[in-house]
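So, here come the structures, one by one.
What follows is a pair of complexes built around chain A, which joins chain B in one and chain C in the other.
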Partner chain A sequence: MATVWRSQCAFARLLIGKIAQNPNNSPDLCTKLFQGPISVTSRNYSNYANSPFIERIKEQYEYDIIKNPPEWAYVERLLPFDTIPVVTPKENYPSGWIPPREEAVHLPYFVSRTKNHELPIYLNITYRGMRKITKIKKIEGDIWLLNDTLKAHLKETAGKYVETRVHELGKFIEVKGDYVNVIRNWAHSKGF
Partner chain B sequence: MTSVLINAFKRLNLSIRPQVKVISSSYSTAVTTANSLNVTQKEWKYPPLYTKPREVWIENLDTVEEKKLGLFELHPSVYAAMPRIDIIHRNFVWQTKYRWVSWAHTKTRAEVRGGGRKPWPQKGLGRARHGSIRSPLWRGGGVAHGPRSGKTHFFMLPFHLRIHGLTSMLSAKLAQDDLHVVNNLELPTDESNYLADLIENRNWGPSVLIIDDTDIAPRNITVATDSLPHVNIMPVYGLNVYSMLKHDTLVLTLAAAERIEERILHHLNAITTEQQREFKLSQV
Partner chain C sequence: MGSRQITEKSLSILRSLPRISVGNIRDNPGSKVTQKRGRGQHGGDKHGAGNKGSGQRQNYMRLGYETGNNPFYLRMPQEPYYRGHHHRREYPPLSLLQLQSLIDTDRIDVSLPVDLASIIKSGLYNFYPEQKQFGINLTDEGADIFAAKINIEVQWASEQVIAAVERNGGVITTAYYDPHSLFLLKNPKHFFKTGAAIPRRMIPPPDVIEYYTSAETRGYLADPEKISQERLKLSQKYGYELPQVENDSFYEMLCERKDPRQIFYGLEPGWVVNLKDKCILKPTDKELLRFYSS
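On to the complex of A and B.
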């Protein structure tokens, strides 16, 4: 620590010289040494013997320590959340986010929201945009029934047969093609 | 044994409907007499939406015969996750590799003794060109690209794979009926025979891992397990996939089960950018 302080002193003297009046309680930049006019002759502060000793900085403000002040609430407001908060129920959400509905729990299959309360439906683009795979994750319950329902729905909406792939252990379904919006609307209609 | 169990179930089925008392998070008082049963229903911070909570019996350790002290609910996100064997295996590989330093060592051509002189002239003998008898081509020569000692195999598994490994392993244990919840670790004696009998009686298999909330276990169980190499005690913060794989049965205390649940649920629902950062060797 001592070396750092000493080099700071030398640096400070070069840069600010007399102008620095140490406005706050900042580390005392060796102002004691430069009370008078700056001497032209240099002093070698890289030398251990010549460098000043570190002294305790005098406190410039009076303060006392209190526990649980009323202002602490404002500090807490600024602290990051410990965990992602639960959504407060509203009539409508200006962002267009749609909350999950209660009755979805009674279906034989279920798509749970992510921890950020979003639907786990993603588009994976590979082979330089040649292959687009829509992936529905976090499927609980009867995944094969969900696959059949979804396939039928996609055939109806897209007007053609749509290939899907079920990964039961990974709890996801992959749909060949970009059907993110179709599937998202379908999931919202189911209440997920 | 089986008939006793069947009888117990019959009695329970008869009496469970009228006499179930729902207690909210005061499991410590859950004590059964012959015909009454207390079910602990828990208030989770993140209640399960679709999958039902798993119920386990609260058992005792103070008698050799098993007594069921009540029912306890476990969160399905932690104890009923999909048992991903691939993730468990990745955890296993990680745990074996991060502590492995390979000390295999070979000498290069520079380190093998001798070989400084050209064995024969470059030209005129009709023989192959050679500059040293310790070249890797020679018998007794140095090894090219051989193992050099002090090679670490340390790496960090991604954070969520570690979390998912724990949930997979706990769920697999629970699904295979290898996870038991006990009320506390108080034993009546400090003899290891008692614990061995208890494990034999309850069919807990060849090895048992006991997890407690605190890292100071009661004296009796520490003395009893001291001479039993196949029974180990571990605090909650030491719980890992490797040990759970290694031991046949996992015994959690109530407090430990709740603590594991709370920590894993927290990480499943928290912002984990800090934990997902690239691991730096200087960060600890």
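On to the complex of A and C.
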């Protein structure tokens, strides 16, 4: 029969829930360790300051506690954004970013911007670069009308028939080939 | 208990239960059967491991081992310039074009001095101090279109970048941060929540002391007078008229710099920031003051 490795205070270890307190996992050590009251609160050893090698120094230093200090503005500017900031209208955008225009709302179809204020037009490259598919996402309204106008525009600019695939439920259109820049320019011209 | 009671009871339970969602449904019991490895004469075949060799015995060889051949990775003569590459400091790039688009989409407030913390705060720049990354290398892509007047502090910058920033009336400083301070700059809120005192910034290691003390690279330890001379020199080299910082409406913002021991703008080492009570604890103990000022 196998011997059962159990100490007198078998439940103490369960209560603590940390084997790290009893490094050798031995029953004798266990009994010696828990002479005092058993603390149930867990300790976070993930940082060195909380590790058992560090003892808290009880020495108290003198501090000035300043409520609503003038330096609080410096703290606030370090704190992260609650939400992604809304872009304030500017005279020009040197980086080439173009804001969406009001008139686009009146079209029978609409392509909304992503949360980062960019156009949802992506290039998916598969089969080791053999297949390139341009994907336009977040299409609302008449997706079939958008498909027709986009197809006509692509035939005009590319000079050849361009295959597309419409996913009505998923609100996206896939265009066969790399037409990201063409479609981006087209979307900007429409005001999306 | 009759069936009516059961129905009413289950309806009342349903009313108090949360709505069915992906989080609280599961498959019908017995609908999924886990495939087990077959045994014996009819089921016990190869189980996808193939016949003979490494595949069957599943003793996969170490990466690059070619069963006794001179391995590919050892076949070339050595490349000594890669020696110790995993110990070197890394400065991940951020181009001026990227910086301009962050400014255009209001991710960075130009009316305040820009440092590593505000660029990381934008949420569009990944930065990992644990991977030996020591800060931003501002690169010159988009130097021609860059049109923002900023007071920026980066960790590495080329001459073209310095010229592009100063041409628009801005100010650029290169500053060193030790890894501990970089962690604080990456997530200041997380650090303030720990309730620890803001530490001192360490001085740069010997091999970059020269970079951070020279005025040509706008080092944070350089002499300010020499820097203003170098600003003029660079404007003559690249052929632009240097805008006067003194006459600028943002003069105070453009002149704001950190102390070599300071990690955050406006917050001194030794202070404890309490986010909950909105108060700052400043040490008055002489011993502490001496420690944090040294």
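One rule holds for everything that comes next: the second predicted complex is superposed on the first by the 129 of 192 C-alpha atoms of A that agree within 3 Å, B and C clash if a C-alpha of one lies under 4 Å from a C-alpha of the other, contacts with A are read in each partner's own complex, and residues count from 1 in each chain.
Quick note on the criterion: contacts are C-beta pairs under 8 Å (C-beta built on N, C-alpha and C of every residue); 3 or more make two chains touch, one makes a residue touch a chain.
Here the structure is a predicted model, which is why all the values come from computation and not from measurement.
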{"item": "Fit-or-clash call for chain B and chain C when the two complexes are aligned on chain A", "value": "clash"}
{"item": "Partner chain(s) touched by A:Glu140 [first = chain B, second = chain C, both, neither]", "value": "first"}
{"item": "Chain B versus chain C, judged by how many residues of chain A each one touches", "value": "C"}
{"item": "Partner chain in contact with A:Val105 - chain B first, chain C second, else both or neither", "value": "first"}
{"item": "Which superposed partner A:Tyr61 touches (first chain B, second chain C, both, neither)", "value": "second"}
{"item": "Which of chain B and chain C A:Lys155 touches, first, second, both or neither", "value": "neither"}
{"item": "Which of chain B and chain C A:Lys115 touches, first, second, both or neither", "value": "first"}
{"item": "Touching partner for A:Phe81 - first (chain B), second (chain C), both, neither", "value": "both"}
{"item": "Which of chain B and chain C A:His167 touches, first, second, both or neither", "value": "neither"}
{"item": "Segment of chain B that clashes with chain C, given the candidates 1-9, 91-99 or 271-279", "value": "91-99"}
{"item": "Common interface positions of chain A, toward chain B and toward chain C", "value": "80-81, 84"}
{"item": "Residues of chain A defined as touching chain C within the complex", "value": "49, 61-69, 71-75, 77-81, 84-88, 90, 93-97, 116-117"}
{"item": "Complex contacts: residues of chain B adjacent to chain A", "value": "45, 49-51, 82, 84, 266, 268-271"}
{"item": "Sites on chain A touched by chain B in the complex", "value": "80-84, 105, 110, 112, 115, 140-141, 169-171"}
{"item": "Complex contact set, residues of chain C against chain A", "value": "97, 100-101, 103-107, 109, 112, 117-118, 121, 123-124, 142, 145-148, 188-189, 192, 196, 264-267, 272-273, 275, 277-285, 287-288"}
